[in-house]
Amino acid sequence: MFLKKYISDIFNAVGSLLKGMRLTGFYFTHHKEIITQQYPDNREQLNLPERFRGEVVMLHDENNEHACTGCTACELACPNATIKIITKFDVTPEGKKKKALDTFVYHLELCTMCNLCVEACPTDAIKMAQTFEHSVYDRSQLTKKLNRPGSKIREGVE
Amino acid sequence: MLSLEGITDSIHNWLNHALNPTLAMLSEFVMVGLCVITLFAMLGLVLIMMERKVSAYMQVRIGPNRVGPGGMFQTLADTLKLVVKEGLTPDGADHFLFNLAPFVVLSASMLALAPVAFAKGFQVWDLPIGILYVSAISSVSVIGILMAGWASNNKYSLLGAMRSGAQIVSYELSAGLSVLTIVILTGSLRISDIIQAQQDGWWIFKGHIPAIIAFVIFLIAVTAETNRAPFDMAEAESELTAGFHTEYSGMKFALFFLAEYVNIFIVCAIGAALFFGGWMPFHIGHWESFNHIMDFIPSSIWFTGKTFALIFVIMWFRWTFPRLRIDQLLNLEWKYLLPISMANLLLTTFVAIKGWYF
Amino acid sequence: MADEEMNAKGEGLKVKIGEWLPLAQWEEGPEWTTLLVEPASWPEAAKLLRFTPGLDFDFLFCLTCIDWKTHFTMVYHFRSTLHGHELVVKSKLDHNQPAIETVSRIWRTAEFHEREAYDLFGVNFLHHPDLRRLFLTDEWVGYPLRKDYEDPVNMIKL
Amino acid sequence: MKNVEEIGTTEQGELIINVGPQHPSTHGVLHLVITLDGETIRNVEPHLGYIHRSIEKMCESLSYRQFIYVTSRMDYLSSHINNHGCAMCVEKGLQIEVPPRAKVIRVLMDELTRLASHQLWWGALAMDVGALTPFFHAFREREMINSIMEETCGARLTMNYMVPGGVMIDLHPNFQPGVKEFITHFKSKIDEYDELVTDNVIFQNRMKGVGTLSKEDAISYGCTGPTARGSGVRCDVRKLFPYEVYAGLRFDEIIETGGDCFARYMVRMKEMRQSLSIIEQLIDNIPEGDFQAKTKAVLKLPKGEFYTKIETARGEFGVYIISEGGMTPYRIKFRSPGFSNLSALNHMARGYKIGDLVAIMGSLDLVIPDIDR
């Protein structure tokens, strides 16, 4: 009885081992199953989903106009003080003073891509871009100005 | 033809003709030494590459593919890196033993290469007790491992070395007993005799049941003896970080690494010689015409093919199985492998006396 | 679970605990049946809660401390895996020398949770088997989760 | 050369070893000081705090919308579920009714997260006991879930998809086909998992009878999740205190009574199948409607205390908010499952071998940021 159990133990054990070996053997011979993505080479085929959150960018149209009113809603929504908005006062044609965006400072090194600023923006001036290769040689290069030089607010955006 | 038969003889004759016997022998020493070192380097490169590719395919990856065509020169680049790396010796280590250990391990595997028959008539030293010599020398490497573990002054290394000691001492037994099976059937310890005895068929076929059991045990035991997964207790990277070579870096680490792969090669070559006829082509009894066709394939190719097939199986083990625990490892040896191989030895003796093999 | 059922369970608990602790005080919370305990009577109360048949609060799933600037409040959340009812126990501690008896012998999980509370709030758990800092280094000065804790290096004011 | 006494032994000649903070099998910066008698473990003492960021203190200065994203950084493998728990707590305080569509989306995301977490655990456990191949096989399936998440939520690991009142963005049109493809793919692969690891005799020997935790001890140590269910404790929050749509779903609470590593292993393996069945039940029945309830721009919780619990991949995650009526919480306590599970480690590992310690830690499925917070 002992001997029978001893031998059947050995056979079951070897059987279970062979089962695993069959599986690895299958993958060894079936190279179609390989899932490696050869990253820097496949940049062209690499399609990131449109919702992918890589960094915050400000949308500019062809007239170099953006939709940011400088309301600082994004700055308040940001948990990490990633965004700093510097405002200035423009003089409207009617001679009134109006608050406007001077510089949109964005600290990429502090950003956690949580999307709260985009959610908070009332005029959809900012959005998340799909870029993800952010490495630079100096940390100061990660502090970005999102509004382009000379850009101004689009007509009609309040 | 790739056959190496006769090349050694002609070199020997030519040297003896040109020089006096002492000088001839000395120059032969030098030549053999150079050949062995070259072989070592080549084996290291090829086997590490093979391991990485095998593991990659089993793990649904591609593996090294950047350096050279298909990543072929990856190991060369790695070796280059290891050579130029600084070989650190820890502050509290025993400097002499620490630096000696890799060479002990490497010399042990170099010595074990002596009786391996690479092709027909191509063997460094066909000594009459070849098999015994190999099993004796292969246990010397444990001294190197113990030395490395102790001298590192690192508790992980020490634990790894102790495990390795216990493991190699126990698995020697069943490896030796399974080798004895073939020795009984052949009646000789000389490797060339064992290979010659398989002229009409390999022992795994001729010796049927006892030979197959012995082969399985041999495979398990040598996997354990070379510290390969699933028996890589001495390294066990998830438990002991890297075991006995935790503190080694640079070329000294590379020597350990190299010795591991050369050891695999040697045990697989011995396994091929014992069970698959070494360089002997695939012969079936007295089918002269079939045997003749098989003879057209050079003996060196037969040898390499068989050895690498066995190496592949050992790699296959490594990339499929989890590691055993140290007590389970010893249990397996003392409760399963040793009793089975002893019973198998009795069976073999019986078969050999009765002449019930082909 | 429906609110009425919860309330019924809570009332039942109050009655049951009242039998054992005639002086038990209750706090009206929105969700939990909350028992207020003096630190001095906590050891006996804890034993009662754990070992009284019908109460069997064997599962201490949350242990924390709140700094109310004037005093500390220890909060223990209990559940009974037998009966499924839940209870919160609160104990008011002195702000200058917060100390309370350990419950780590009754609920083993309290050993770690009390070490955490000691580490971050400085509450002294009397007769704790191994009261040391858990997260912070042994040399750390101060207790970070207290409201008056200031650390010019590690705390960044946004 | 120094003798052994000088390099760290106790009076009894036991060896003291630091496992971690940098060690291949602690999966992070866990530091264990273990006392060894030969190969046998006599004591395990965890030293925590290597990545303690004091998230509870951080949250005291963040608004109720902002603090949710921080909790992804605690148990990064079930970040969705952590976020979900926090969102639920805020909703409880504000008495927001979440639209049915958002509820279903949340449950779907939770279960996908649980699957991804268990897959990673499976690979990592196999790697701990020495088999490296399963790790890559597990990542192959996890990659599909990550891609689904990336498409809908915009990120792969720390999604920040849950907001108070619902979810941030509606489901991507590719979500349903993607999940269905994943289900068919994973159903065949989970059998391969069994073939490669579960049935393997070496693996079973490594796991069975190792690190036993009795039911009483599991309760006393406050263990939750698969760790406690492996010891026979009923503690699945989804069953005991159903939230969102779990009450209307058909799934089993997996209970194993072995209490050893293999029982914990089997609980998680079976849970993967249960999660698959939950996803199957919901994927075709996502109700139409809003994905987010209307909420005010600035959330202010009324004065009071709010506690919610949720079942993460590791156990019961509790969020305890004490509000003084302001824009930020007065105090937040996160009851993390890993912290309590870890406290049982010493009890479980004592008397076993070093190799077992690794297996036990693997079977506990520790995520260190979850423990350190």
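In this document, chain identifiers A, B, C and D correspond to the written order of the chains, with residue numbering beginning at 1 in each.
Assume a residue touches a chain if its C-beta (ideal position, glycine included) is under 8 Å from a C-beta of that chain, and two chains touch if they have at least 3 such contacts.
None of these values were measured; they are calculated from a predicted model.
Taking B-D and A-B together, the pair of chains sharing more C-beta contacts is B-D.
With chains reduced to the mean position of their C-alpha atoms, the one farthest from subunit B is C. Centre-to-centre spacing of subunit B and subunit D amounts to 45 Å, using the average Cα coordinate of each chain. Centre-to-centre separation of subunit A and subunit B, using mean CA positions: 51 Å. Chain geometry summary: the mean Cα position of subunit A and that of subunit C are 41 Å apart. Chain centres here are Cα averages; for subunit C and subunit D they lie 24 Å apart. Annotation for subunit D: residues touching 2 or more other chains are 133, 140, 196-197, 200, 202. For subunit B, the set of residues that touch two or more other chains comprises 58-61, 319-321. Shared interface positions of subunit A, i.e. residues touching 2 or more other chains, are given as 17, 20, 23-24, 35. Of all the residues in subunit C, the ones that touch subunit D in their complex are 1, 29-32, 58-62, 64, 66-67, 75, 77, 81, 84, 107-109, 111-113, 116, 120, 134-137, 144-145, 155, 158. Subunit D contributes residues 1-2, 7-8, 15, 17, 23-25, 36, 39, 126-133, 135-137, 140, 196-197, 200, 202-203, 205-206, 353-358 to its touches with subunit B in the complex. Taken in their complex, subunit B has these residues touching subunit A: 54, 57-62, 65, 316-317, 319-321, 336. By the touch criterion stated above, subunit B contacts subunit D in their complex at residues 55, 58-61, 92-94, 153, 155-156, 159, 163, 229-230, 232, 236-241, 319-328. Across the complex, subunit A meets subunit D through its residues 12-13, 16-17, 19-20, 22-24, 35, 48-49, 51-53, 77-79, 112-116, 119-120, 128.
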